[in-house]
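Note that subunit A is present in both complexes that follow, paired respectively with subunit B and with subunit C.
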Partner chain A sequence: MTQADPVPTGFDLQASGLRKTYDLAPGPGRPKGQQVHAVRDVSLTLRPGRTTALVGESGCGKSTIAKMLVGLESISGGAVRLDGGPLDSQAARKKAWDAKRRIQMVFQDPYASLNPRWRVSRIIAEALAASGLRGGAAIKARTLEILSQVGLPEVAADKFPHEFSGGQRQRISIARALACEPQFLICDEPTSALDVSVQAQILNLLKDLQDRHALAYLLITHDLSVVHHMADHVGVMYLGMLVEDRSAADLFSQPLHPYTQTLLETIPRADQPGREPPRLSGEVPNPLNPPSGCPFHPRCAAANDRCRAEQPQAIAVSGGTVSCHAVEEGRL
Partner chain B sequence: MSALLEIRNLSATFATRRGIVSALSNIDLSLAPGEILALVGESGAGKSLASSCINGLLPRNCRISEGEVLLEGQRIDNLSNKQMEKIRGAQIGTIFQDPLTSLNPLYTVCQQITRTLRAHRYISDADAQKRALELLEEVGIPGAAQRLHAYPHEFSGGMRQRVVIAMALALRPKLIIADEPTTALDVSIQAQILELLRRLSKDHGASVILVTHDMGVVAETADRVAVLYAGRIAETGPVADVLLRPAHPYTQGLLGSIPSMERKLARLPQIPGSMPGLTAIPQGCAFNPRCPRTADVCRQVRPEAHLAGARRVFCHFAEELAS
Partner chain C sequence: MSDATSPRRGPAAALSRFFDGDLWYNFRTSPLAVIAAIIFFGLSLAAIFAQFVAPHNPFLAPDLMDGMMPPMWESGGSQTFLLGTDDQGRDVLSLILHGMQVSLFVGLAAVLLSVVLGVTLGLIAGFFGGVVDAVIMRIADIQLSFPNILVALLIDGMVSASFGRATQAALALPVLVLAIGLSDWVQYARTVRASTLVERRREYVQAARIMHIPSVIILFRHILPNIMGPVVVIGTLGLAHAIIAEATLSFLGVGLPPTQPSLGTLIRTGNDYLFSGEWWMTVFPAVTLVLLSLSVNVFGDWLRDALNPRIGK
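And then the complex of A and B:
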């Protein structure tokens, strides 16, 4: 494999103050005009060759962010900038995506994200055609090249998705995303549906591709060990907000937010049998009726009156920011 | 102490369009009272099927072709469906993976629990309701009295799984089969449910068969573990032994491919290839085409169990690898 095109320097995808609000349809017991704030004021930056991860439990808004970045969801507030240019208006976004296809997405479920009636060659050719490649021979040659990049044999091109295992399907999904030669790859739980031994193969593949093409990854997952393995920068989300946003090295060596700390402590560890993990009481609150003040205060051991009343702002700490009154006041 | 459950030389087959295929082959397991045994393996390894052989909920085209299952010394693998219905619920409770689909959305949780109780016992409505309330309190549902008459959709995922556990416990079965009980749940909720399972097993002396693909869950919950590969046991033994000093090359590979929280590797060690389908299980040791240690004997002879301390390892080189 020859070296790919020289890495364009200085490109980045920036989201600042991103918001997503859903209007709920009125129904039995639900008044008119009720809203859910799925994402509240989230900022993040994707850079070439770097992996930014978003972690959090289901319903924290991490997938919504992914969808907003690729344009599958509209943006309720804030801005997305590509190389400093705004992508906010529908027209600007359309232009950027149509012309360049620079942002691609790999979905969680490789069983649902591939058209079962299309052969692999057609699945990839569609993406190639969308990126502007013309001519049957050229498309065929490029398809085979991409398949070999993701570690699939040439014969795979003539098969249907159902003939592949889950891991191989995820490779097809990655091949399709790579077909447009994107600079940004948004991976939404790319290995959650896979077994661990297959997960290792896919994570290795993602790392190889990143090294080769200087791809910028946004990795969305609930699995902290995957984040630890992959990420350079980590955003921990809770109820639509970034509670801790720091470099991976700082976050894993010294987690500051109480939620991050408990998340790290509660993951079951295969290398520590018989351990009795501390547990986090309670559940993620209903986003329809979020708690006042800090969203985490009902489950937090360090919560005081200020936490219950006032929403914490991001404060600068080593390697990033954390939003917690207790950290700010030195109580933790 | 005599075993609560014994599985002797169990094999199961599927009838498919391409003929009879073997799905489980010569499984031997036993479970002491109060013990938590994990069945772990990747998708298609046969771990769920092994648990279905115990509670009799086999798929229609599957049957036990060989061996026996004994619950407290009584064979249960050859019972009729009618007879099994008496055992399921009363002696074997089952917790399924998805708490949303294992509850009926049209009935309140109270109705579902009391129905389970009344299917097996003569009990008045009032007593059954009282018992349902006790069960919900036992599994830690806050405000159980107010939520007794709520419908499943009014509960969160973790709370629904607690309801399912309450139902499985309703008749105080001696054996609980938990098939991926936390796979659909978030980590913080998973920890709560696993702790609940451990506590209930301890309080009631119930044995648990925990089916999971997650080695972390095994480490924190189970006493013993059986690692399955292609419908066969690769290795079985006490959790600490198997997880910290795996003897079978498959267990070693599987544990090695989990991203570590301790150190950061540039690449994860991976097992080449993928698990064979049921129609293409290799001759000899089923793992041999993917095994770094493979030799001629592995391609020809299926390994017997090698004893290594409290462990049984199905590998020709078990002694060498364990040391």
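And then the complex of A and C:
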């Protein structure tokens, strides 16, 4: 295959300099034209067979990125590219979909993500029809095939979503995504609504499917043990920004950003019973009124005057980048 | 995995699911709802089969000698005319049965019209938002600032003005349905819009959008079935309202012509004789109207409570 595009690109999904700002409606005590910067300058790449993870606290913009990647939210700045071509309109997205370059999503809440009035067979059949499969018999056969791939029995096809447990519903959700034969799967907290015992099953299922279909995953989570189990590459987000963006091996063996270090230390450990997890002082700043300089400086032990005044830029480190003045100056 | 239960499909299975369900249990155990349902379905059946049930045919030339007969238990009454006769000698019971047929038809057709109109506009307003939403809902607000009966009178008046009095008699039925239906769509539109605003943010709708399912299909196949609960309730209550509206318009003389018996026209023609002592001509149709609308209302009230999980017993 020859590429006419002057910029050589792989078959990947790339977000560069992604931004999302929300305009706030003026109200009592709120002047006109105020904006919330939900996502600021985030770049990431999804490659076949690889898992990229986004971690961070609630409200740091993880889910907004997921929605921008699949086209549920408009993009305020930056670009999303699929195989090098921009996905800047619904028409472009539809074209990519029809060319069988597909991005699918698994949602956080398995109770809201399936139409309560539809049988499982109809839910899967809709996805199959949306990806171009025609003919009742073919759709039926493929439905059963996909259900068995996600570990559900054939009788599941004739049931309604409310007849299943949370973990089973998440399997149905994954089956619907798989039915479209996507190359990219965005998983927005796929296990956070599930019991711990079921979480492992779903994660292992996702891993198996990735091996079988060479899927590219974006895994959004706040659970670092999930990241450790799944991810090849990790982006740590704080207040809408990527503060550390490195390969999983490097990040877990030698975390650089003070925020990443604190996050990793808070993972409970079985080998150190009674260990007091470190505490971060203060709270996540109000995104309406973000701090000057580094967004993390009000809670950072290593912060100095430069951190308070100047926003850090990404600097190259082993396995990726980190945005921190203290790391750059060797103060840590 | 629970694969013990076998798949349940088909109309027979759906029926048995219904009779096993909460709704049927709730219905069985509320006597008021059962009584209301029996009265409503009894009256409806009598009306639907009026041609066979009614002892006389009120459309045949009546015998004027039979006029103004009181009900059979009053002195001067006859066994032939159970509830007496009107000024032209027509049997009041037969008139009521045939009149109820017209009233029920107008009521159902008007509710159907306002449901179709209101649900469609509400779905569109809630789903697309923006200018479309603003335009539809402002029209609804404007219409809501007039009493319903005034809107119906206006529509009725416009049609008879543009078609002339002569054709009005022939068009009376469809015009009445149109007038009542158009005056009543607002509450459906408002309810549906509010539910749509909630549903369209649900993740199953987002999942459909990711798969590039056309908006029209998302609206009518995904969202519509999930918002029909409240519509069924308002529709039931709206039926009583539409039946009363028909009676009111016919009573005011802008509904059906006097030649066509409906509960409203019967009450109106009987009303003229009320003070001369022939009370049965207006009281019996009026009681029927009250029974009909009351039973629908009680049933609708029960349905609203039964379908609302927050008003648990």
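One rule holds in what follows: the second predicted complex is superposed on the first by the 311 of 332 C-alpha atoms of A that agree within 3 Å, B and C clash if a C-alpha of one lies under 4 Å from a C-alpha of the other, contacts with A are read in each partner's own complex, and residues count from 1 in each chain.
By our rule, a residue touches a chain if its C-beta (ideal position, glycine included) is under 8 Å from a C-beta of that chain, and two chains touch if they have at least 3 such contacts.
The structure displayed is predicted, hence computed values, not measured ones.
Chemist: Quick check on the superposition: with subunit A as the shared anchor, is it clash or fit for subunit B versus subunit C?
Modeler: They fit: once the shared chain is superposed, the two partners occupy separate space.
Chemist: Once the two structures are placed together by chain A, how many degrees is the angle at subunit A between subunit B and subunit C, based on Cα centres and rounded to a multiple of 10?
Modeler: 80
Chemist: Check the residue A:L82 against both partner chains and state whether it touches subunit B (first), subunit C (second), both, or neither.
Modeler: Neither partner.
Chemist: Mind working out whether A:L114 is in touch with subunit B, subunit C, both or neither, as first, second, both or neither?
Modeler: second
Chemist: For A:R269, decide between first (touching subunit B), second (touching subunit C), both and neither.
Modeler: A:R269: touches subunit B, not subunit C.
Chemist: Scan A:M237 for contacts with subunit B and subunit C and give back first, second, both or neither.
Modeler: After superposition on chain A, A:M237 lies in contact with neither partner.
Chemist: Is A:A15 touching the first partner subunit B, the second partner subunit C, both, or neither of them?
Modeler: Neither partner.
Chemist: I'd like to know which partner A:V317 touches here: subunit B for first, subunit C for second, both or neither.
Modeler: Neither partner.
Chemist: Go through the superposed model and pick first if A:M105 touches only subunit B, second if only subunit C, both, or neither.
Modeler: second
Chemist: Is A:L147 contacted by the first partner subunit B, the second partner subunit C, both or neither?
Modeler: Neither partner.
Chemist: Which value in Å is the smallest Cα separation between subunit B and subunit C when the structures are fitted on chain A?
Modeler: Minimum over all C-alpha pairs of subunit B and subunit C: 7 Å.
Chemist: Taking the complex as given, what residues does subunit C use to touch subunit A?
Modeler: 1-3, 5-9, 202-204, 206-213, 222, 225-226
Chemist: Can you list the residues on subunit A that touch subunit B in the complex?
Modeler: Answer in residue numbers: 57-58, 165-167, 195-201, 203-204, 207, 222, 224-226, 228-229, 252, 262-264, 266-277, 279-281, 283-284.
Chemist: With touch defined as at the start, can you tell me which subunit A residues reach subunit C in the complex?
Modeler: 70-72, 93-94, 97, 103-105, 107-109, 112-117, 126-127, 130-131, 151-153, 155-159, 163, 168, 173, 176, 180
Chemist: For subunit B, which residues are in contact with subunit A within the complex?
Modeler: 42-43, 156-159, 186-192, 194-195, 213-220, 239-240, 243-244, 253-255, 257-262, 264-271, 274
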